[in-house]
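Just so it is clear, A, B, C and D label the chains in written order, and each chain counts residues from 1 on its own.
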Amino acid sequence: MIKVQREDFDIGVELAALSQGRDNVGAVASFMGLVRDVAGPGALSAMTLEHYPGMTERQLEQLEAEALARWPLDRVLIIHRHGRLLPGDRIVLCAATSSHREAAFEACAFLMDWLKTKAPFWKLEEIDGKSSWVAARQDDEDAAARWQNNNQSE
Amino acid sequence: MIKVQREDFDIGVELAALSQGRDNVGAVASFMGLVRDVAGPGALSAMTLEHYPGMTERQLEQLEAEALARWPLDRVLIIHRHGRLLPGDRIVLCAATSSHREAAFEACAFLMDWLKTKAPFWKLEEIDGKSSWVAARQDDEDAAARWQNNNQSE
Amino acid sequence: MKVLYFAWLRDRVGLSEEIVEPPVDVATVGELIAWLAQRSPGHGEAFADPTIVRCAINQDYAKAHERFNAGDEVAFFPPVTGG
Amino acid sequence: MKVLYFAWLRDRVGLSEEIVEPPVDVATVGELIAWLAQRSPGHGEAFADPTIVRCAINQDYAKAHERFNAGDEVAFFPPVTGG
């Protein structure tokens, strides 16, 4: 399931819905990303997430399908917020449910790596009163590259 | 933080408390284990988790310290329930927070692998009216063994 | 055809979208970038280094050599930084 | 000294704990298992295969060759299955 939204989310409610009535799901791996005060305490006043409506949903649906095809999962959840967020705010939630914990963990890491390099979101940081676009990181590219040889167990 | 308890937990409340006021925490990896209906729909009526009070807390505190020593984490949370649980009930929650998502993911997988092989809990399954103790699994031993050569990046 | 700009590409171009009619010999993403870069100083600045510009045709990633059609939605943006 | 039993070891022994006084030549975990196995048919059944019995001395894992002291809390249980 894919949700691209301005609103906050409740991980407890979301994960309960994901495994509700699925009695063969023993493993729920999840990752939550928060707005981080990268420049030191109090320096970051806000972060605005811009995205490409339409393409975002399209990319995340492809990502969900890819994860379901690669691992023995029951379900996948990706929630990504956009708009103006404050330090400590929730940005993203990825979750994968399975009867196998290794599959759930690996799929969840895969979702995050792919999302960091493929989902059309851009972060604008406000630090000390100045706004600047966050630059993409090479190590996110490297992390995503490890999934490209179609090797499920790394 | 370690919690060994009979009561259910709310992952949203627990994870919010874990990152509360920690503005350099961008990554929250977590794993939740649920009671799984291993024998097919409706066959498992309940699962009772017995533990060794005192030793459990002692082992989990060692595990927490080990994770904090191995990875650049901010905090670790382990909640493990005991008592009689029903299919779909939450059993365990492991979480690790960090400024690096790889560290959070790896630490969380480490916590679960160690917990499966070291924490003194035993599962008694009630299937079709008969109670039997769950046998330990060799692949849990194998999963735990990969952390023993002190290699942080597997 | 409709062209969209996001993040600092939009800031530099000064538009979030525009309707353009490139000549028929402009057929690939790379050629479109070179053509758009001539439209204004802002466009020139946005496309100054094409290696850090990403493109999507109809909401799927497209590389410089790929061709577009007249009715396509073509978007330009920096490398993504979500998650 | 106090000996604790958990899970199917407790079921077979029929006790969750007991106070025992092994002779002085019983000094290691392995020797204690052999000595306890003689106490009753239930004990014998619980310790029939020592390779699948785990031991903790004062709540830390202990192997067969390790020694215990008179005041220790010694626990026996199957391989763990939590998580």
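Please note the rule applied: a contact is a pair of C-beta atoms (placed from the backbone, for glycine too) under 8 Å apart; a residue touches a chain by one contact, two chains touch by 3 or more.
Computed from a predicted structure; not experimentally measured.
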Under the touch definition above, the chains in contact with both chain A and chain C are none
Chain centres from averaged Cα atoms put chain B and chain D apart, in whole Å, by 26
Per the C-alpha means, the centres of chain A and chain D lie apart by a whole-Å value of 48
Rounded to the nearest Å, the gap separating the Cα centres of chain C and chain D is 73
Two or more other chains are touched by the chain B residues 33, 112
Check: chain D positions touching at least 2 other chains come out as none
Per the touch criterion, the pairs are A-B, A-C, B-D
The residues of chain C that touch chain A in their complex are 4, 6-8, 56, 59-61, 75, 77-83
Note: in the complex, chain B contacts chain D through residues 33, 49-52, 54-55, 58-59, 80, 91-92, 112, 115-124, 133-137, 140
Interface with chain B, chain A side, in the complex: residues 10-13, 15, 19-38, 41, 44, 87-88, 99, 101-102, 104-105, 108-109, 112, 143
